[in-house]
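To keep things clear, I will list the structure first and then write my remarks on it.
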């Protein structure tokens, strides 16, 4: 799960990581009031959960009251990568002496939490990792003892020559690590971490992502979820315990299992079609789950054909068949349905569906091809 | 021979009294797996499918000499179940439960470091050595004894590919679902090390997906170290970046961990990649 | 450091460990008011930090208002092992179904934190450990991962057959462990832990000791120190960074180093004398520290002779000598001083002290003997 | 031969810029110890007594091949200093600093378990192998090269006993102050295991005190395993129960850990016990 910069900064504040003086605003009037509170010049930053806000014109420095109004109106009216900007952060313009990068993730290969530092701030760290890996200094936390003080000092001494600043940075690193662990983060990033003209370290930007598997023990974090800016189908699927991701095609896919669901999308594409979505109905799927899945799927008006690809194991094909029958009745489905149901109770499923007007397929390949044909 | 599970496997089912636990205990027994004990704290003393249930794994091990555990408990209790199995001296733990926070896996990995114990999963569909033992939820009927090792990050996609392999007339030595989480106990390379020494295995199929760089690391490892033919498949070619595709580990971060990148490196390392599940089976069939 | 039962129970409350309904009182009137609040019968328990309160008559169950007053007056007026009772805890009389013991310490031999459980409550655990060690069930916490849930369940299942009670006990065990670790305890004990008639687990008594080395990071715990019931000389020594323990003899000992200080006391005793105290002036001792030490020592009116035993290493004998000279002047010391000063700068010390009227000793043995002779 | 420290000891002083650190660096250099580096974070680049100071132990090890560390930092930073030394690959750490919370020692012990590193202390006065190296704060002039190993829980009491041993005409192979805390890195038995294999050591003196059961365990160990003559002393015969006698570990709990109990078990295990420090030296003198 992702949260906005301003939310991440609220968390930073709780962990005593210094941030600029700033306020989140929803209207131009609020921006004007905030700028008067903070004093000019001010930075206005679009609060959207995608990268490249700066390039898209979503971050501006305003030096006058006129600029404040103009920029606020412009940014609050814009879309960035298709996402409308609903909030901006109005922030003091920090006098920057130097910028660097500080971030924490769980390293999948080493199976350890790793702190990464880079002397260049504001960079895309994955880009640096690919192009100039030697520019990134890494220290691993001991999984059981935690991030040891001397490891945090190493980070500080790598980034800053001045011992005072280096130790302040070490302290921030320990706080960021504490936050990362305590909140089940999957990414905690200060980018850039800046030294201001007075020698103080400030987190100018903040990004925190959370491990979905850990959210159950952080209701306060779950409550930060920005429902406004999320796809409504994805939200609905989440509520109904289904895994759904909207794509841009027209063949709606209903699959059991995440890997098979991806492979199904890929197969549709492989044979020349365009999948409309990723949709995993999960393991022990009841007829109700199939109903729910179809309801969500059909909210996407691009869907012209529905392709069921079920490999029964725990999932029983007859449950799926019942779900399809019920959905056909109650949801008034007009789109043709291609069904490939194999494994547990597939015979029963065929019996149930024999008069339902479905197009049956014996294999995945067959099903994908039939779905594509139906579009023409 | 096979790897990980075999005729010597003596299985304890953690969470045996739950819906999934009891259902799959029956399935595993039907397959011929030696299920010797079940554990549900507080329910010690009863029987499930004729299998004695204990309060603790330690007691189950003491009374039945169980050496392998399969975990079916709700995600909130799965971490504790893993630690309990490790402390009880279990040497192979197969964790079917999903939803374990990543940071708990970081800790479990460190805890396992100096223990004589291997963890498969979490979020694993299980491990099957056809004709010997089935540990987990993989449907038994699709397997056939044979010489192809299968290692996969997913569940039903594994069934799909195994089914194709069986249908082209080949069989499997052992099939391992390593699990779809970002941090897992046993990775592709760990399985390959075991397959390398297994005389029953002549070829290996790796079923990967988007997210992380495990497939990439594995490809380089194979190029340098692994002598048997390896075939690959990667799911998620059409997945968009920064979206979790079901599995906690199946997420492209920016531009890294894409299927294209993985397929490219597989091919660079002379691993034949199937474009579709059916094609994978055909490639294997042609080679062996 | 030790705290009172009522303070330990306040901590239990913070960690959600159930305790009886109870109030701490300083006067008979407060006890009467508390008993009316709680309802009769009530238990009145003397709050002193020594064992054997029950045997000494410091714990009584009062069934009537008259008993409440009588017992309160009696207990608030008594001394237990020489310590005056200044506070009592007035507590509901819990209907007890069963009693057991639950305690946590750091095991010096295993170098791990250990949880100990015993099916008999209210016992002296060290006594049980000696006489019937098999009655104590022990589980060790992993030092880095902590007390794992299944270990806590083991404790619960050992103590109770009923799974519901066993799991409640496991939960209490985890809370007690959390408290133990977070507060740098050296002992956290529930003795007895009782099941009441309704099947609920309650901590009927509570004992928490703290690791002195950890106190610096727990100012809230340090603030619980009961200064009233501590020896004033020991408190003063603590403030002045000296280690002092009052004994009952008449030869005051001033020594550098804890081991040597104990050996000096032992030697005095060995040759037939009685040491008045343990006093370690520490490593790098300045003249001021020696002054402070003598000031504290002389508050003990039993001291008839002072025996300095200094083996100079970091401690410089000349510093000690200067301290003695200053103290003689400003404190008007009447008691004879036997001085054995050897090691770093011992010659200088002799020079400084040559006209101070001290009795010099060449060895510890010699010094101890001379100190004893001076008493006759 | 000696144990723990010798002519190959290359010492890094952690906290070298502090008052105690710099003073004892001079003392150790005067004794002939090979002090090769100092560490104080943030002060890297300067010299103390001609010894280069680094920001980190890792850097000190890299530049000077230091293999032993002595810690003189304030107690609040001592835990971090120990971890840093372990991670830097130091094989012997002597921690002079005192006041480390017990629970931190529990953790450090576990962290050390699979590391090639030994910790002496905390709250240790140091380790001396006369004529070779002195690491810590023990006064050098009382020592004489010889065949008596000394292991002690205290500081100045060790000086007292060593002084007597020297004055009766004997010398020491190595003298180890193991520290007065309840949980310490190296215990009596650990030292005895090393002395058992040290040809230069003919007899061992153990200086114990009240608190815990280390002396008792050691006595039983000696009875079963240790072939060289051992002599004992126990301080605190007159100590009252439940009072901390200076050292964090010197406390009689109820009736356990008394000097009487320790002396009794020493004697049961045929370890001769001196009633006074002088007597200990006499006993050794008569035996060797």
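Just so it is clear, A, B, C and D label the chains in written order, and each chain counts residues from 1 on its own.
To be clear about the criterion, contacts are C-beta pairs under 8 Å (C-beta built on N, C-alpha and C of every residue); 3 or more make two chains touch, one makes a residue touch a chain.
What you are looking at is a predicted structure, and each value in this text was computed from that prediction instead of being measured.
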{"item": "Most widely separated chain from chain D, with each centre as the mean of CA atoms", "value": "A"}
{"item": "Pair with more cross-chain C-beta pairs in contact, given A-D and A-B", "value": "A-B"}
{"item": "Chain A-chain D separation of Cα centroids, rounded to whole Å", "value": "55"}
{"item": "Approximate Å spacing (C-alpha centroids) for the pair chain B, chain D", "value": "50"}
{"item": "Chain centre separation (chain A, chain B; CA means) in Å", "value": "27"}
{"item": "For chain D, residues that touch 2 or more chains besides their own", "value": "107, 110-111"}
{"item": "In chain C, residues with contacts to at least two other chains", "value": "142, 144-145"}
{"item": "Interfacial residue positions of chain C with respect to chain A in the complex", "value": "144-145"}
{"item": "Residues on chain D engaged by chain C in the complex (per definition of touch)", "value": "20, 23, 75-76, 98-103, 105-107, 109-111, 125, 137-139, 142, 152-160, 163, 180-183, 207, 209-210, 212-214, 217, 233, 235-240, 243-250, 253-256, 259, 275-278"}
{"item": "Complex contacts: residues of chain C adjacent to chain D", "value": "51, 106, 108-109, 111-113, 124, 126-127, 130, 142-144, 181, 184, 186, 211-214, 216-217, 243, 245, 247, 255-263, 265-270, 275, 278, 280, 283-284, 311-315, 342-344, 363-365"}
{"item": "Contacting residues of chain C [partner chain B, same complex]", "value": "142, 144-145, 148-151, 153-154, 157, 163-164, 166-167"}
{"item": "In the complex, chain B residues that touch chain C", "value": "41-43, 55-58, 80, 83-84, 87, 107, 110-111"}
